[in-house]
Amino acid sequence: MSAPKLVAIVMGSQSDWKTMHHAAETLEKLGVGYSAEIVSAHRTPDRLVKFAKGAEAAGFKVIIAGAGGAAHLPGMTAAMTPLPVLGVPVETKALSGQDSLYSIVQMPAGVPVGCLAIGEAGAINAALLAAAILALDDKALATRLADWRAAQTAAVARHPE
Amino acid sequence: MSAPKLVAIVMGSQSDWKTMHHAAETLEKLGVGYSAEIVSAHRTPDRLVKFAKGAEAAGFKVIIAGAGGAAHLPGMTAAMTPLPVLGVPVETKALSGQDSLYSIVQMPAGVPVGCLAIGEAGAINAALLAAAILALDDKALATRLADWRAAQTAAVARHPE
Amino acid sequence: MSAPKLVAIVMGSQSDWKTMHHAAETLEKLGVGYSAEIVSAHRTPDRLVKFAKGAEAAGFKVIIAGAGGAAHLPGMTAAMTPLPVLGVPVETKALSGQDSLYSIVQMPAGVPVGCLAIGEAGAINAALLAAAILALDDKALATRLADWRAAQTAAVARHPE
Amino acid sequence: MSAPKLVAIVMGSQSDWKTMHHAAETLEKLGVGYSAEIVSAHRTPDRLVKFAKGAEAAGFKVIIAGAGGAAHLPGMTAAMTPLPVLGVPVETKALSGQDSLYSIVQMPAGVPVGCLAIGEAGAINAALLAAAILALDDKALATRLADWRAAQTAAVARHPE
Amino acid sequence: MSAPKLVAIVMGSQSDWKTMHHAAETLEKLGVGYSAEIVSAHRTPDRLVKFAKGAEAAGFKVIIAGAGGAAHLPGMTAAMTPLPVLGVPVETKALSGQDSLYSIVQMPAGVPVGCLAIGEAGAINAALLAAAILALDDKALATRLADWRAAQTAAVARHPE
Amino acid sequence: MSAPKLVAIVMGSQSDWKTMHHAAETLEKLGVGYSAEIVSAHRTPDRLVKFAKGAEAAGFKVIIAGAGGAAHLPGMTAAMTPLPVLGVPVETKALSGQDSLYSIVQMPAGVPVGCLAIGEAGAINAALLAAAILALDDKALATRLADWRAAQTAAVARHPE
Amino acid sequence: MSAPKLVAIVMGSQSDWKTMHHAAETLEKLGVGYSAEIVSAHRTPDRLVKFAKGAEAAGFKVIIAGAGGAAHLPGMTAAMTPLPVLGVPVETKALSGQDSLYSIVQMPAGVPVGCLAIGEAGAINAALLAAAILALDDKALATRLADWRAAQTAAVARHPE
Amino acid sequence: MSAPKLVAIVMGSQSDWKTMHHAAETLEKLGVGYSAEIVSAHRTPDRLVKFAKGAEAAGFKVIIAGAGGAAHLPGMTAAMTPLPVLGVPVETKALSGQDSLYSIVQMPAGVPVGCLAIGEAGAINAALLAAAILALDDKALATRLADWRAAQTAAVARHPE
C-alpha cells in the first residue's frame, strides 16, 4: 500500500495472524495504511520496548495489538506509548479466549487499552475503531467509513433463507 | 467548564454515575471538556436515538458510554454514530459486571466499541483513552496527558509500606 | 401459511436462522402464523426502531428475538413495544452463548424480556411459550398445544436403547 | 385486592419473598390481581403437583415462579400446566444466582420457561411481562401499562447528580 | 440379569443413555442388578411422580439419575423418595454440563442428591458409589468391589508410553 | 452421644467447622452417632492415610468430608477406603467455593465421591444422605428420617410474609 | 539419557502423557535428566505416598506433576515432600481444564504448588521452570537455558505471513 | 534483616502489599532475606525493565511477583530474567482475582511463571516455594523449612471446636 502507515498491527505470535489478518484486510478496504509485525511481549521483550517507545515517532497514530492467553502485549504497549491502543483477545484452546479477554480488558486505572471482542469480530472491529479515530481528522476517510457502513447496512437481507 | 465539550459521557441510569463520575473527573484534570447525561437504552430509547444520531453534529469527538447488566447503551450508540465509542461495564450486584462486560465487549463485526475494565478503573481509563484520541490532533492536550502520565509514574513509591 | 401472522420472529443476522428456524417450524406445527425477518440492532438500527415501534400496529401479538454475542436485539425491541418479547440466546463460537445469555436475560428493571435456553432448545421453546401466550385467548390453539404436549409425552420411550 | 387473581406468584421458600415481593408490588401498581404462595418443589412436591395441575382451573393466566440454587420450581411447574410460566432466578450466597439462572433458563426443548434477570430486577420484570401478556386481551390494562412505562421514561433525569 | 434389581438408573431422555450406559455396564461388572428407564421430569412428570414415589416399594435401594441442562430429575426424584439418590450431570452442547452440574449439585438444605462428575466418569462413579452403599450390607458385593478396585490399581502402568 | 459412631465427619481445617457443624447437628437430630475430626490432606497427610485406611475397621459406615479451595480431602479419602464418601465443598473467599466444588465433584472414573452443595446446605444434606444410606438397613432410623422429612414438609408455610 | 535424573515427571494417568511428554522433551533439549512415571493419586494412593516420601532420597530436585479434573496429584505430592513441586493442569473434556486448574492452583497456605498453564504450554513451561531452578546451582545448565531462550527470541519472525 | 537478600518480592501497587506482606513475613519466619519493592508494569515500565534485567546481577535467586487485574508483572518479569519467577494473583473487586489468575497462569510456552493461589494463601505459599527452591542448595534452610512444616503439622488440632 502507498498510504502512510498510520496504524500498527502487532501480535504476539505468528499464529495470531490467523485472527489479526482480518484487521489488516479491513484497513485495506478502508484505505488506511498499516504495518503488521510480530512483537512477543514474552519472547521478544526488547522488541516490545523498542516498538512501543518508538511507535509515535515512527508516525503511527493508533496501535492494534492482538494476543492470546496471558495476553500482555496490548497493556504493555499502552504502558510505553501515548498513542491509543486497541486490544484484540485471540481465542485460545482451553479457555476460549476468556483468559485473553481478562488479560487485556482488566487494565488498572492509569493505562488504558480499548478492548474489542474475542477473535475475528474483534480484529475487524479494532480496524473499524482505528479508522473512526483517524477519521476525526480525515474527512476523506470519514466518507469512506460512512460508505462502508452504509454498504454494510444495505447488505442486511430482509428475510432469512 | 469553558473548554469545548468534545467528550460525551452517557450512562444508563443515575446509579451509574457513582462509577462514571471518575471519567468526568479525569477529563477535568486533563482539561478536556465534556457533558454528562443519562441516556437509558431501555427506558428512554428515543433519547438514545436522538443522542447517538446527533452526537457528531453536536460537536462531540468521542463518546464514553457506561452501563450495567444487559448493557446495550454503548453498542446501540455505536450503531448510530460514526464517532469512536468507548464502553465502561458497570459492576453489578449478582454477576459483578461480568454481564455488563460481555454485553459491551462482545460486539459483532461491523460496529465497534472499545471496552475498558469493569468499574472505576474502566471509567478513569475511558477518559484517558478519549484524551489520547483527542491528543492526536491537539498538541497542548498531548502535553498535558504526557505530564499526567509522568506524574503518575513519579508517584509510584519505591517500597510498600 | 394463511393464518394471521401473530408472532414476529426477528434475528440479528442470517446466520442466526440456523437456530431460529426451529422456532418457525414449531409455530408451523402448532398452526400459528408468523413472519421471519432479519433485524440487526447494530447494522440496521433504523430497521429495528421501525420494526419495534410498528410491531403492535402490524398485528403482532408476541415477538421472538434471537441474537448472539452482545445480543441487544431482544432488549432493544422490548424497549420500543408494549408486546411481550421472548429472547433466544444464539450459541457463539468463543463463549458458547454465555455472552448472548447475559446480554438478553440480565435486563434492568422496567423493560422485560423472557429469555429461553441457549440455541435450538431455546428457539423451540420460544415458539411454545408464544403459543401458550396466544392460547390464553384462543381455545383452538390451546387444544392444538395440549395435543402437541400429549404427543410429546407419549413419545418418550420407557427404556433407553 | 378485589381484582381477579390472574397471576400466581409462587416461590420455593419464605426467604425468596425478599426478592419476589417486588413482583407482587409491581402487579399491585398495575392493578393486576395475584396470589402469592410458597411452593417448594423439593420440600412440598405434592403441593407443587397440586398447584401446577390446578393452576389453570383456578383461573390463573400466568405463573411467576421464583427460586434459588438448584431452582426446579419454574421448570417443574411448566411441566404440569399449559399456562405461560415466567421464572425468576433468586440470588444465592455462594454462586450469586448463577446456579439459579442455569437451573431455570436451560430448559430442554418441549417445556418452556421465560426467564428474567437474577434477583429484584427479574422479579419486577416478571410482573411487567405478565402484565404485557394479560394486556393482549385487556385494553384497560394495556393503557395502565403504557402509562406506567411512560412515567418510567419521564422519570429518567437528563443529567446525573 | 437374574440379580435382584437394587439400583434404578433413570435418565431424562434417550440421548442421556450415551452417558448413562456406563453406569449400567459398571453395575453389570460388579454383579449388581439394575433397571434402566427414561423418566423425563419435564415431558413425563406423571411418570416421574409414579417412579419416585414407588421406587422404595419396587425394591430399589439406590437411585442413579442422569440429566442435562436444567437437570431437574435427580432433585425431584430425591424430593419424593427416602432412598439415596445419586445424580449424574450429562454434558451439554453450549455449557458443557456446567448447567447440569449446578442444577443437580446445588440442592437446598433438606433434600440431598449426591452428585458425581460431569459425563462418563460421573456415570461410572455413580455405579461404584451405589455399589459401595449396597456393599455395606452385602459382603459378597464388598468383596467383588474390593477385587474390582484392586484390579483397577494393578492396571495402572508404571511408565507412560 | 451414646449411639455407635457410624458416620465420620472429617474436615480440612478448624475453619471448616463453621460449615461442617451443620452436618453434625443434623446427624444429632436424627439420632445418628458420629465423630468429628480435623484431617488435613495437605498439612497432615499421614493422619489422612491412617484415617482413611482405618475408617472401615473403626466401624464407620459413611464418611462425610468437607474442605475448601483445592479440596483434596474427600477424593483422597475415597481413594483409600471402600466406604461411601460424601463431599462438602466449603465456600472460599475469592472463588466462593467454585474451586472447592470442582476439586471434589470432578473425580475421575474409578474413585467416586458423592458431592453435595457448596456450604451449609451441603453440610446438612451430607448428613441427610448419610442417614438415608444407613436407613437402608436400619428401620428405626428410616422412621426417624421419614418423620424429619414430614416435619420439614409440614413446616413450609402456605403464604410468604 | 545418561544425565542424573534430577526431575521427576509424574502424571495421573496414561492419557496425561499426551500433554506431559512436552515436559519430557523440553528437559531433553536442555540436557536435564528426568524420569517419567504414572502415579495416580486416586487409583494408586500407596504408590503416591511411596513416591512422594521417597522423591528426595531418590535424588530428585524438582517434581513436575500433571493431572486433570479433580487433580490431586500435585498437591498431595507437595504435602509429602520438601522438594519444589510444579503442577500442570491437563485439559479436560467438559470443563476444558478449568477444574484441573482450580484443583492445582488453589492450594491452602502451608503447602505450595507452582502452577503452570493448562495443557501443552504448561507442560513445556514446567520443564523450563524446573531447569531455571536447577540452573541456580548449575552454571552449565544456566548457559544452555540462556542459549535456548536466545534461540527462542531469535526465532520470532518480524512479520507474520 | 542481615541475611543476604535472595528473594525479591515485587508488586504492582501499594495496595498489593496488603496481600504480599504475607510473603514477606513467611520469609522472615524462615530466615530468608528479601527485598520488597513496588514495580508497576504499567505505570513504571522502565523500572520493570531495569529490575527484571538486573535481578540476577543484584544477587536475587528467586522472584515473587504479585499483581491484580490484568496482572502483567509476573510474566513480563519472567520475560527478562533467567531466575525462577513465582506469581501471586491478587484478589480484585469485580472478578475476585479470576482475572489476575488468568493473566498470570496462562503464560505461553517459552516463558514460565509458577503461579500460586489467589490472595493471602498464594503469598504465603510463594514464600514457601521460594524457600524450598533455595533449600535445594542450603541445608540449614532445608532444616528450618522442615521444622516449620513439622510445626505446622503438629499444630493441626485433632478435633474441631
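All chains are identified by letter, namely A, B, C, D, E, F, G and H, in their written order; residue positions are counted from 1 within each chain.
Operating definition for what follows: a residue touches a chain if its C-beta (ideal position, glycine included) is under 8 Å from a C-beta of that chain, and two chains touch if they have at least 3 such contacts.
In this text, all values refer to a predicted model and were calculated from it rather than measured experimentally.
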A-H against E-G, pair bridged by the larger set of C-beta contacts: A-H
Whole-Å gap separating subunit B and subunit F, where each centre is the average of the chain's CA atoms: 50
Averaged-CA centre spacing for the pair subunit E and subunit D, given as whole angstrom: 33
Centroid spacing, where centroids are CA-atom means, of subunit B and subunit H in whole angstrom: 35
For subunit H, residues that touch 2 or more chains besides their own: 13, 43, 69-70, 95-96, 98, 105-108, 110-111, 117-118, 121, 152
Set of all touching chain pairs, with the criterion as stated earlier: A-B, A-C, A-G, A-H, B-C, B-D, B-H, C-D, C-E, D-E, D-F, E-F, E-G, F-G, F-H, G-H
Interface residues, subunit G side, partner subunit H - complex: 22, 61, 82-84, 86, 101, 105-118, 120-121, 124-126, 128-129, 132-133, 135-137, 142, 145-146, 149, 152
Contact set on subunit G toward subunit E in their complex: 11, 13-14, 16-17, 20-21, 36-38, 40, 43-44, 47, 69-70, 93-96
Interface residues, subunit A side, partner subunit C - complex: 91, 96-98, 117-119, 121, 152-153, 156-161
Parts of subunit E lying in touch with subunit D, wherever the complex brings them together: 12-13, 41-43, 45, 49, 68-70, 72, 75-76, 78-80, 92, 95, 98-99, 102-108, 110-111, 113
